[in-house]
Every structure is written in C-alpha cells, then in structure tokens.
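Right, one structure below, let's go through it.
Labels run A, B, C and D following the written order; every chain starts at residue 1.
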Amino acid sequence: MFKMKKIINDPAGVVEETLAGLVLAYDGDVTQLPGVNALVRKDIPDGKVALLIGGGSGHEPIFPGFLGRNFADGAACGGVFAAPPPDVILEATKAVHRGRGVLYLYGNYAGDNMNFDIAAEMAAEEGIEVRTVRVWDDVASAPPDQVEERRGIAGDVYMIKIAGAAAATLDSLDAVEAVAVKARANLRSLGVAVRAGSIPETGKPTFELGDDEIEIGMGAHGEAGVRRQKLTPADPLTDQMMEVILGDIELASGDEVALLFNNLGATTFMEMLIVNRRVRQILAERDIAVHKTDMGAFVTSQEMAGFSISLLKLDEELKRYFDMPASCFAMTR
Amino acid sequence: MNAGETKTAFLAIADAVVAAEPRLTDADRAIGDGDHGIGMKRGFQAVTEKLAAKDPERPADVLKDCGMAILSKTGGAAGAVFGTFFRAGGAALGEAETIDAAGFKRLLTAGRDAVMKRGGAAEGDKTMLDALAEAIRAAEPEESLPAALDRAAAGAARGAEATRAMVARFGKAKTLGERALGHPDPGALTMALVLEAWRDSQASA
Amino acid sequence: MFKMKKIINDPAGVVEETLAGLVLAYDGDVTQLPGVNALVRKDIPDGKVALLIGGGSGHEPIFPGFLGRNFADGAACGGVFAAPPPDVILEATKAVHRGRGVLYLYGNYAGDNMNFDIAAEMAAEEGIEVRTVRVWDDVASAPPDQVEERRGIAGDVYMIKIAGAAAATLDSLDAVEAVAVKARANLRSLGVAVRAGSIPETGKPTFELGDDEIEIGMGAHGEAGVRRQKLTPADPLTDQMMEVILGDIELASGDEVALLFNNLGATTFMEMLIVNRRVRQILAERDIAVHKTDMGAFVTSQEMAGFSISLLKLDEELKRYFDMPASCFAMTR
Amino acid sequence: MNAGETKTAFLAIADAVVAAEPRLTDADRAIGDGDHGIGMKRGFQAVTEKLAAKDPERPADVLKDCGMAILSKTGGAAGAVFGTFFRAGGAALGEAETIDAAGFKRLLTAGRDAVMKRGGAAEGDKTMLDALAEAIRAAEPEESLPAALDRAAAGAARGAEATRAMVARFGKAKTLGERALGHPDPGALTMALVLEAWRDSQASA
C-alpha cells in the first residue's frame, strides 16, 4: 500500500520533535518537563486550582496547544493515537499542582481512562488531590442512556475553554469540577469522515473508505462510526447530522448556543462554511440563537478529511467562562 | 523455571512481540485505530532494555520489571492493560525462587483479576481477557510447567480466535458493533503471542 | 479521473454559499453587499482610511475571513481561483469608503492586477481616491531584481494585519500606504507543495505530483514552483527553504522577526511544528529573535497538502501595528 | 454584417466557448491554475443572457455588451483581458451600421492595443495576444468579411498553436518557465475558438 507523504524526520521521533517545535511556537509561555512528553505553563499562580489535560498525540493542536492563561495549565502527551502512560501524567500532575488540587480533563477512551486513573492513584499516594472529568460529547458513540460510554471528540475544546476559565477564577477543586460537569451536560458533537488520515510510523490510512463514501460519527482516531453512506451534498448531510444532535439535547425557543466546527484535518473552510449556512437555517427555524461560532482545526486526526459540529448550550454562568479572554497556541479570545 | 530462565524467556517474548508489530497493527487498523503493534513494540523494547540491565533475584522481579516497563513506556489501553497484567502476575509469585505450573496458573489468574478491576471489562467483551481466560482454564496446576505453558498457549490462541465472533464492548473497537465480527481482537492476539513465545522459549531451551 | 470528495451543494454555487455561511459565522460584525460577492464590516468609523482586500475564492479564510477591527474593512471575492470582476471591487470600494480614500491590498497576479486596476479607474471617475499595494512575498516566483513579478502568498496575512492596524490608526491614505509598502519590503515567503488540491467544479487536482515527490515554491493556486524533488525529510527540507528565504532578505544578528507557518490545506500541525523546531535552530544560530509565531490555515488552496514559511522583519514601527489587538473570523490577537 | 447578424454570430460564439469549457480548463490545468474554461463559461453564459435580452441598434452594441458581460461576470485574468478586448473592439466600430472586412480588422487591432495597454503583455509572451496578432496579420481589409474571418480564424489557430513553443511571461503560467514548453496557452485557444466560431456562424448562415 502506498505510504502517505509527510514532512517529518524519524517517524519514531515525531512526538518529541512536535513538542519541541510547539514549545518554541509558544514563544516563552510554556516549557517541557525534562525528558517527559508533557508541557506546562511557566506562570501558573500559586494557590490556583490546576487543570491538566492530555491524550494521544497526532491530534494537534489538541492537547498541548491549549495551555495558557484561562486555558489549561499542563498537558500529558502519549504516542500517536495512544493515551499517555501514568508516569508522564504523574510528572505533569506534580508540575502543575499549586496546593489546591488538580482537575484531569480528557477524552473518554479506555486507554486514557486507565492510564489517567493509575496516575490519579499514584498522585493520591503523594498527597495530591485529583478529580477527573471525562469528555464524552460524541453522540454517535453510544445511546443517551449510556453517555459515559461516549467518546470525547471536538467538544474537548469548549470543555477546556470553560474549565480553564473556571480554574482561573474559582478557588476550590469542587467548584471547578462542578462547572466542567455542567458544561459537559450541555455539550453535543457529531462528526463525519470523508477520507482517512494515516499514522506517521506506518504511513497507512487508519481505515478504508470508498471514493464515493462518507461515514457519519466516525471517531477522531478513525474508529468506525455509526453510518456509512454515499457522498451526500452539504445540505442533506447537515440536516442528517443536526437531526441527531438536536434529538439528543433539550433546546427551547430562545435558547443560546455556541457552535464549533472542527476540521479533522483536510476539510476546507469552504465546506464547513457551506455547512454552517445550513446549520444556521435549521437553528433559526427553531428560534435558537448563536452566541459565537468557532471554526478551524482544533482536534485533528492527522490529514483525515472530515469535520464535526459541536453545540454547547449556554446559560449565564457558562457564558461568563466561555467569553472570558483567554489565549493559547491554538485559540485566542 | 528460576529467575535467570524467566529473564531469558521474557527476552524471547519481547523479541516475538516486537517482531509481530505489523500484524498486530494491521489487526488494530481493522477494528481500532491502527496503533496496537506500535505501542506494544514501544513497550516491549523498553522491557528488553530493563531486563538486560540487571540480573533478577526472583522470577517475580522479571514480571514486575516487565510490567513497569510496559506501563511507563507504552500508553494507550494496551499499556495499562498489559502493564497491569504483568505487575499483578509478578506480585502473585511473591518470594518464590521458581515458577512451577501452579505458580504459573496463579500469576495468570492474578493478572486477569487485576486487569478486570482496572478496566471493567469481562470475558466475552472482545479483549485480551478472552485469550487470557481460555489460557487459565487450559493450564493445569498439577502438571509440569512446560506442559502447562503448552496448554495455556494453545488455550490463549483459541481464545483469541474466538474473539472473531464477538462484538467489542471496550476499547476503540466498541462503536464498531456488528462490523467487528470476523476480526480478532488485537490485544487478544498479543496475549496469545506472549504465551506462545514463552512456551517456545522453553521448547528451545 | 476520480473526482475529489467535497461536502458541497451545487458546485456552481460554492462561492455564494460560502460567503453566506461566513457572514453568519461572523455573528453580526460583517454583512454582504446585496447581490454582490463582497463582504464589508458593519461598523466602519467615519473618516477612517478604508482597507479593501480581495482575490479569488477557494483560499478561505483569506480574503473575506480577515474583516474586523484593526483588520480589513471589506473584501471583494471572485470565483474559485479567479480574481473578482471590477464591478464587485467597485461596489465594495463604495461601501467601505468613508471620505479618506481606499487602500487596495491584494496578491500580485495578472488577473487581480487588471481587475483591481479597472475598478480603481472606475472609482476615480466617481471621485474616490484609491491607492494600491500588491503583495509579492513569494521568493520562489521571481529573482530579487524583479520583486514586482513575484506572487503574493501567505504574506497576505501579515500585510493585512499591519495595514489594518495602520488604517485604523493613521488618518491619511499616504501614511497607511507607506506603512504597507514598508511591511512588504520586510516580508518573504516560500512554500512547498506535497499533494494537489482540486477545484469544486471539476473535482480534478490542479496539478500532478508523484506519490514520492514534493515541489518547492509552488503557488497557492497550484501554479508550478521552482523545484520538484523526491520527498525530503523535514530537517533538510527546512534547511533548503530557509536558505532561500534568508538569502533574499538582510538580517543582522539581534534582529527580530515574526514567523508565519501557513497550512495550504491538508498539512498537519505535527509537520509544521517539526519544521518550526528546525527553523528556530537555524535562526538561533544567526542570533535572530522571534517575536511571535503564527501557525494555521490562513491562505489555503482547497485540500492541497503543503505549507509555507513567511518571515517578517520587525522594527519598532511595524511591531506597534503587528502587536495591536485585532480580531476577525480567521485570527484574533 | 449588420447588428442582428452580429448578435446571431456572437450567440454562436458564446455557445462554442461554453461547450469548450473542459478543453480550456484542462489546458489551464497543464500550465496554470485550471480554471480558464470555468471562467470563460461563466462569462459567455452572461453574454448569452445579455444579448438575448435586447435587439442591438448597431454591431458595436453587440461587442460592447459582450465585453461588459464578460468583464463583470468572469473575473480572473481572462475576464479583464477578453472583456477589455470586446469593449475596445466595439468602440472601434463606432456608429457603423455593419461590420465589413476593414471594420473587422480595425476592431481586432483596437482590441489588441487595449489588451496590451491593460495587461502590459506583448506578442511572444504566451498569451491570447499571440493568437490575436496572427489573426490581425492574416485578415485582409480589402477582401470580403467572410474571407477575412476565414483567414483571421486560421491565423488565430496558428498563433495559438505557436504558443506551445513559448515561455509564459504573464499570467499564472509565468513561473513555469521551460516547463510550459509544449503546452498551448489557454487564453490563446479561447481567442482562436472565438474567431473560428464567428467564421463558422457565417459559413452556416
């Protein structure tokens, strides 16, 4: 099978070199822990509730690209598409801890859950209080009565935005955890895959998709989604996706939401903007107002083509954290 | 099997898993995210380094070092699962100077229990546990270690094969549902490979 | 030939639908001129020197994604990869004019030059003073003694950032033009193409490139570049590119620059970050400081894989405009 | 050729260019950005609409409307170039009730001069001007319009063919350098096509 072209050096060193380049791109705000694939902010205030995020690499700019004021304090990074090992998470935990405990925020995958849990147990042994909020926004990955089985995808971005602002504002781990849990309950995402991405070490696509096929609900790692179908025009596809999303969350006329269009890698702004046009028609029909629209490549799957639509229902409290100015490599507000 | 022999066996196991990287990765591409072999390779290369560095006092040391190396270098579900498995298996051997058939079955069982506790999966969920469970059932505590290894390896292979008929409830293959049918579980293949390589290292010894 | 999969509706309507989706994504700050493919800010202050940008569509988020406070006031948009017709430019000119004249800022291509020039003549007939600054940052497209023959590529972004801030601050068209001309003189870019993008109407790649080939200096439209070669690892490729860039601009030890890594479409952050790592090693050797690093998909060519490196030499004046807070769909500072 | 006949001829020209979209686009894919046919199609569809809407008083009206439609709907280099060409050509016809061979040559010449002034290109730069220049040289003012059209069309075709041997100095093929050799210039192909279609509309008339 032909190997995807990538501009890299040694495929086995991509994670280390990526993080080195990222630290430099932060232009001084962030540093890497010596010998560990974890990045942390340089200026975490004492007594701050710490927010630690993390997950597999290869999804840049998530996770390490979301460190900064009113965003996350540290990121633990694993191999490409592999959750970070407990040691890395523990090191990052110690580095960001400022005496008020650490909130773990990451996507809900077996690998991440187990490794972060092991790290949390190790941290507890060292006297650091850890709470965990797993992101499970992907409505395609399990029915509503099993939300804790759902995957975390692009919703990570809004979760980090809100938890980051809360962690910078509130002074107890309990309070920050509560805000994150509330945001999660108001968040839904659904993606569609158009072409596969590939892992640097193999250069092989992570899945096969016909030249005329797309797959709704495919995960950020190329895990199979819920429905494979022939290439569908933007409007009917958007109708299909929005029906699933809106069927999964209660929205009343007059409610306000934030919209996130996440590019999995190779999708064009043109396509996402055309989809946004339709999304707004659908929301307008239901008299649902859009407070803010974000569009870009935030949670990627290498050069995979496809995108996801995330919808966050806002109330006054969430809006306060959502609107708080914040800045990191991947996003500035 | 004493500490030195256990070390030799585990070095052989590590080589076997590293060599099988492409096959394990392809298996994960079929129903997962296509990285299983890569992670296992990373982990077992660390195992080789760690084991080569020192001479173990007891067999337990070998398994614990193996577990620690995998846990800290692999990541992903497999890192936690196999790291946990070997660490718990090592702990189960305690101070024993050698591994006999009974000790072997004990370590497999302790490893299984620890993995179930860690990940919440059970037999039938299309994970490495399906290979492991068959291995445990096959291994007879009364017989000789080589014989127990032989039966366990064969059992694990059967268990891995049987995952083809299962729908995943854990790991990244979860949402595949029906479509996972016909494909073996990558972790189960690794579990079987580990026991087969252990058995073969005895045969050749 | 197989048709690239795109999530669109009628291929002939992509520009109109993209602009409609973009106006909505601006969440109220920008409006479209009735029946014309031009977007303008809603809140252009009276007496402000106006900044009008524009060019072919299909490169989103440039140009219409760069409207906002301290960015551009309006954007005239053509068909996919086709400069806008004079009528569209003229309508946009009239819509953004606030009595102090209009600066046209766009990429240096035959089509854009001719259409904007015709529009400028029409505007003059209507008594609107227009100045033109063409962006020509692509060092691959002509030798140093023929800069006015060079193409405008990702450098558009920094030109709009600086001209936008200047147009919001200075009160004469002369002064704004002078700042833009100065920025252009300090700006260099070089790109590399890895895979072709395709035009929605044809679905065909705009060029052919071997499975193991890359092309240095290829233009944002897929126009051929200067050198085609076998896939090259990140470090040697970066060395090659930086040698060309640094050979084209005078930089002394201690100088400060801004770095822009522009994703042409399908390149991963991982690749660009690995390249950044090497770029910084090279600049450090020459004792050149990096004031700010920007990385993302700003000037795209549909789903083309490849990226460009832009280097802007900063002095106190340029830095003032470069750092000025600014916000638009595509970028927030 | 009177106003009505000119309108008929230009409707035929528009149909011919629209029909040639794929060929013109492919030519631009080879040495440009692959959109020439698409833009010309957009422009000449607008021409058809505009011409169909009303009955022209003079031939000049037809060329001016054609030029305006192309200029305002096409965009890109071709929109400016061909829009400018037809507008200037129309202006050159002035109040004339009909187009004769002399008027025909006059409009081609005025169109060429306007395009050169607008874009700064000259013969030999691998643009539509190379087809146009050959057409002008070939068209004899003394003969009949059909004969002049016939020679001009043939000349334009030769001129377009000759661009294969040229290196582009304008437009997006510019930086191709040597590699543009062997490929005809897309705009030159369009220029030839326009005159061929005009000629054929006479033949069939």
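Note that in this section contacts are C-beta pairs under 8 Å (C-beta built on N, C-alpha and C of every residue); 3 or more make two chains touch, one makes a residue touch a chain.
On a predicted model such as this, the values are computed, not experimentally measured, just so you know.
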Per Cα centroids, the chain farthest from subunit C: B
Length of the line joining the C-alpha centres of subunit C and subunit D, rounded to whole Å: 32
CA centroid of subunit B to CA centroid of subunit C, Å: 54
Whole-Å gap between the CA centroids of subunit B and subunit D: 74
Overlap residues in subunit A, where contacts from two or more other chains coincide: none
Residue list for subunit D, restricted to those that touch at least two other chains: none
Overall pattern in which the protein chains touch one another (line/ring/star/complete/other): line
Inter-chain touch pairs (all): A-B, A-C, C-D
Subunit D residues within the subunit C interface of the complex: 25, 29, 31-35, 38-39, 42, 71-81, 84, 118-119, 170-176, 179
Footprint of subunit A on subunit C - complex, ascending: 2, 5-9, 14, 17-22, 24-27, 57-58, 60-61, 65, 192, 194-195, 200, 211-212, 214, 231-235, 237, 263, 265-277, 280, 290-293, 295-297, 300, 302-303, 305, 307, 329, 332-333
Touch list for subunit C against partner subunit D, complex: 56, 78-88, 109-111, 113-115, 117-118, 140-142, 149, 151, 199, 201-202, 204, 206-207, 217, 219, 221-226
